Amino acid sequence: MLKVAIVGASGYTGVELLRILHAHPEVAVTVVTSEQNAGRPISDVFPTLRNRCDITLENVEPVSIAERVDVVFTALPHKAAMEVVPTFLKMGKDVVDLSADYRLRDAEVYGRWYEKHMNPELLAKAVYGIPELRRAKICEASLIANPGCYPTSVILGLAPLLKGKMIDPKSIIVDSASGVTGAGRGAKVDNLYCEVNEGFKAYGVGGVHRHIPEIEQELSLLAGNDITISFTPHLVPMDRGILSTIYSMPLGKVKASELVTLYQEFYDGEPFVRVLPEGRVPSTANVRGSNFCDIGVVVDERTGRIIVISAIDNLVKGASGQAVQNMNLMCGLPETLGLDILPVFP
Amino acid sequence: MLKVAIVGASGYTGVELLRILHAHPEVAVTVVTSEQNAGRPISDVFPTLRNRCDITLENVEPVSIAERVDVVFTALPHKAAMEVVPTFLKMGKDVVDLSADYRLRDAEVYGRWYEKHMNPELLAKAVYGIPELRRAKICEASLIANPGCYPTSVILGLAPLLKGKMIDPKSIIVDSASGVTGAGRGAKVDNLYCEVNEGFKAYGVGGVHRHIPEIEQELSLLAGNDITISFTPHLVPMDRGILSTIYSMPLGKVKASELVTLYQEFYDGEPFVRVLPEGRVPSTANVRGSNFCDIGVVVDERTGRIIVISAIDNLVKGASGQAVQNMNLMCGLPETLGLDILPVFP
Amino acid sequence: MLKVAIVGASGYTGVELLRILHAHPEVAVTVVTSEQNAGRPISDVFPTLRNRCDITLENVEPVSIAERVDVVFTALPHKAAMEVVPTFLKMGKDVVDLSADYRLRDAEVYGRWYEKHMNPELLAKAVYGIPELRRAKICEASLIANPGCYPTSVILGLAPLLKGKMIDPKSIIVDSASGVTGAGRGAKVDNLYCEVNEGFKAYGVGGVHRHIPEIEQELSLLAGNDITISFTPHLVPMDRGILSTIYSMPLGKVKASELVTLYQEFYDGEPFVRVLPEGRVPSTANVRGSNFCDIGVVVDERTGRIIVISAIDNLVKGASGQAVQNMNLMCGLPETLGLDILPVFP
Amino acid sequence: MLKVAIVGASGYTGVELLRILHAHPEVAVTVVTSEQNAGRPISDVFPTLRNRCDITLENVEPVSIAERVDVVFTALPHKAAMEVVPTFLKMGKDVVDLSADYRLRDAEVYGRWYEKHMNPELLAKAVYGIPELRRAKICEASLIANPGCYPTSVILGLAPLLKGKMIDPKSIIVDSASGVTGAGRGAKVDNLYCEVNEGFKAYGVGGVHRHIPEIEQELSLLAGNDITISFTPHLVPMDRGILSTIYSMPLGKVKASELVTLYQEFYDGEPFVRVLPEGRVPSTANVRGSNFCDIGVVVDERTGRIIVISAIDNLVKGASGQAVQNMNLMCGLPETLGLDILPVFP
């Protein structure tokens, strides 16, 4: 039985970790932290947990936490994560960090998009945790940089095309849309029910969203050369889900049926990636609450473009579910343990 | 490993049974039926199931089905259920019927609210499956009448008060609200997204909703005398959840704290009923996707009235979850097997 | 052309006043205030207004404002209103106050439910502005206490029964539900999209909601004796709308058809109250964006209870629309001017 | 006072026409038709209209209708429109057709995307009614082909760039999203509340949506050469609104500020197009219920791409509002009459 701490448990990825880990047969969550709510039972903050997980929220004291657990999930904002992760590592703990702090290999790039990195020496040590592409390294890692939600949907959506060198790398346009949990649980007017409900909008337009360097880093590794994309995120009035509609131009003529086969072979045996049959496209509704990434591939015969559409639950495969998948690998457990849950529909 | 059939699998309670049973370690769903979709893989109708449950939908042929399974869930409209249930029973199968067909003990009452009953002799044999109140009988039953969604919320909400003879039985007013899955999956203009969204309304006002006789039957049994209630259902623009706000007048003076204690003792040890601490009231959001029934008890000092509020997920504790709970009991399995899943939040 | 100020224009009732008054042929909004956003064009805060109303938000300086306008709408929180209203009145301006500060006739009651009143001498001068019941007084008033949203729905719903002395005054139970605009535009976690969406809950249960004294005051005036009610508000995941389901016991035997006639006669000629035909009940979806109050009356033959259901748009008939209706009367304009807009559906 | 018929009044564009025309000072709607609901008052089908528009729905008898009105709006499905429009024209009536039947200039193209055209001789006579681009012709027309919802958002979004020959015509990718009213009011499982709610998906992927030929026809006219686009529509869980995110590659280097100026000059004086200041992008929430088209222009400095985002209410500027705008022009009335209504927010 692994003892686990969730550092930063009062946000949406925190409570989602608790939901998933509650069903995990080899994990006991023994520490949960929240600066704002320290001293209260977590079931007071999230009444969904009542009678099942009523442990008390603590302040973040890394040394004390590390003494009591085997694995630490840090579900903190960027910067807050890199303030505590080094201590956990020094004390020999395995860490899955859900923030952006260890996702970029290059501290200079991190500095440009975020701020000066506090422990750049750890970047080489961290493994970007997308199991479908980097399973072996994850198994040996002690620090997992758990991917962002948009990046997960885009990287899984493009990996077969880029690995196969099938598309013009300059032609990639990613148009994504996310449910509102992606905006976090902070008290902001912009995220009030009545501000978001019954509206659809883009944000971070023009190449300024912080997930861009992360996406480009991974796509470039897949392609073997530098890739720059256009990326536009949108906000959908729903709780969960990310759908990425990804446009690219093939280098030669392609058929949808061949591409579907390419994708099916690429992801053959993957427990959480479902490549849809030709003619089908995914919906976030079909992955809600699950660790699945559904992918559909279409060719626009009129323009020649390939359109890949991928759907995930941003809180599961886009955050807490993938984090548990990484933990399983890192700790030598079966990869799907605790994660073989079906989507909730409706 | 129990082999299970879901007869009527293309509705919302059908797919919810599949979601729950997928996580049940002692069950294999081997037969699913749908008149409209026979011949198609069920994952074609519900893409949430893809790669996890791809069996083919069949027509309803009771004898053939009975030969292949141990337990049958009938998730059919009323009348359609009583056309097939007798065959399953005759062939020695355990049946959990999610329709209204076996919920009323009195065929005459059934005839008044629905239509002429086709096999009234089975009514005495059927056990109304609310485990918190009738566990022993359920364990011995072969036909479970799985309770309606509204009735579950109301019966659990009032049981302690009625058993304790604490309220004037004429004073009961039940004001309930349900998410839209309660209206089923039929193609009707009234249930289109744009007809339902951004609106709140009552329906079946004035004592005409078909769940009334079922509620009154069970409340009368609890109280030991005939009970007539006022019941008004409402439709909420959300997928899942029922909240019942239940008003009654106590026979003597009561305190909220005493009532909360009464409820906590009444439901002590129950795995799926959570009595909230004094001052807290439930939300459907806190039980979404789970088999919980959350109950809060308040006293209005100004009018003396007791207000009990209960919340369930209509598809889980109000239908498919309770059905599995009943199956567990009926089949000698641990009551919570496959059901210890936390609510999905948000 | 009336010159109008909206004091407190950055909340939902403020922007709704601007929407309505934009279509009002006899009004020019010349002053808008917001402490938080002073100096910015209001169309910056509410982009809906761009190119139609781009005036700059000011700080609240009552004397300066009063010098420039004829009528003042105060759309402020309680307390903030009574800090500025006396100045407007002293300078001879007509005031429609949308806060709770002048709704209660008795300063002691105000003190019990809110806080110590700062200018109790104005309470006798203020007219509770529900035009259907108090049109003549409104025409002569210079200070209108614009009714609360829940109270509007309940008072209009019960007036015919109470005036006609047809019900037991002790039997009244009001079960109401509101869209989320009712919770205001403050940045609170509780009102975030993901906290509210896909959930239904009661709040202020047990006779503690501040609209109770206001409702009881007006019901008591209608009935001619003191009335105490049970009132339970609920929160619905939608932007706009209040539905009140009101239970009461008739003093003698009544028929639904007679009650519908009673209501139709009572509200005969009223431009904004629509009494539905027998057998119909209202939905908030049918009044959204309009100044209508729809009322349906049902009798539960089994229990004898009368069930009245009333629906309004909380921001229109429940706030800004009624405020304009009051302004029209107070200023000698046709009552429906600027308000003859149909509901938006869907 | 113009007498107006709405042929096909029981759909969402029909009721929206009634809402808008109710506030139009020069129009009286005297005929409404619905095959399914003939004989019922329209306020029975749409209770929003009660007490304001209670006229009886008729069957579609073109001659009889033409005898009684001056202008006809045909809000019918494609094909049904071309069955009746010729009669109205023959009898000298002005027609605004909201279907697709007269939008394409080329009957062969119509035949390819829809079916064989029944009166191709009328195509040359019909004017594609986008007033910002074709005002003079609309004023002289007797048959207006009212543009589709997606096309309106795309054509207005791209017109300045194409007229100015500023972009590579092969580079255009349009990623759009629509509220559910766009799917119509037919009783289909796919459009049930629980099927649509809490999900986001693409549909008609790969260049197969029927609005494509219409968009390309108009873009080609603007550009002066043939244009082929990639177009992917998505479905958003909300009632109203279309947002189009439009990607293109400029022929030379451009700055956002220059493009904003270009757009502002292009649409200078237009009452219903609002070009947002640099740095702002539109939301459908800011045009809901109004005839506005909001446009934001951004340049992605990293890839060089131009991103234009346009937002409309699909039922207003995308259908019924634009239809009234066209009627005003065609009938010699002020273009904005009845249409100067602000968006409803929230």
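Labels for the chains are A, B, C and D, by order of writing; each one numbers its residues from 1.
Definition applied: a residue touches a chain if its C-beta (ideal position, glycine included) is under 8 Å from a C-beta of that chain, and two chains touch if they have at least 3 such contacts.
From a predicted model like this one, the values you see are computed outputs, not experimental measurements.
For chain pairs A-D and A-C, the one joined by more C-beta pairs in contact is A-D.
Between chain A and chain C, the centres computed from C-alpha atoms are 45 Å apart. Note on chain placement: the centre of chain A and the centre of chain B lie 36 Å apart, centres being C-alpha means. The mean-CA centres of chain A and chain D are about 38 angstrom from one another, to the nearest whole unit. Of all residues in chain C, those touching 2 or more other chains are 12, 181, 194-195, 197-198, 237-240, 282-283, 285-286, 288, 346, listed in ascending order.
A complete topology is adopted by the chain contact network, contact being made between every pair of chains.
Contact residues of chain B toward chain A in the complex are 12, 15, 18-19, 22-23, 46-53, 181, 198, 239-240, 274, 276, 280, 282-283, 285-290, 294, 340-346. Those residues of chain D that touch chain A in the complex are listed here as 170, 173, 175, 177, 179, 194-195, 197-203, 205-207, 212, 228-230, 232, 234, 236-241, 243, 245, 247, 256, 281-286, 288, 296, 298-303, 305, 307, 309, 311, 346.
For chain B in complex with chain D, the residues that touch the partner chain are 12, 180-181, 185-189, 191-198, 237-239.
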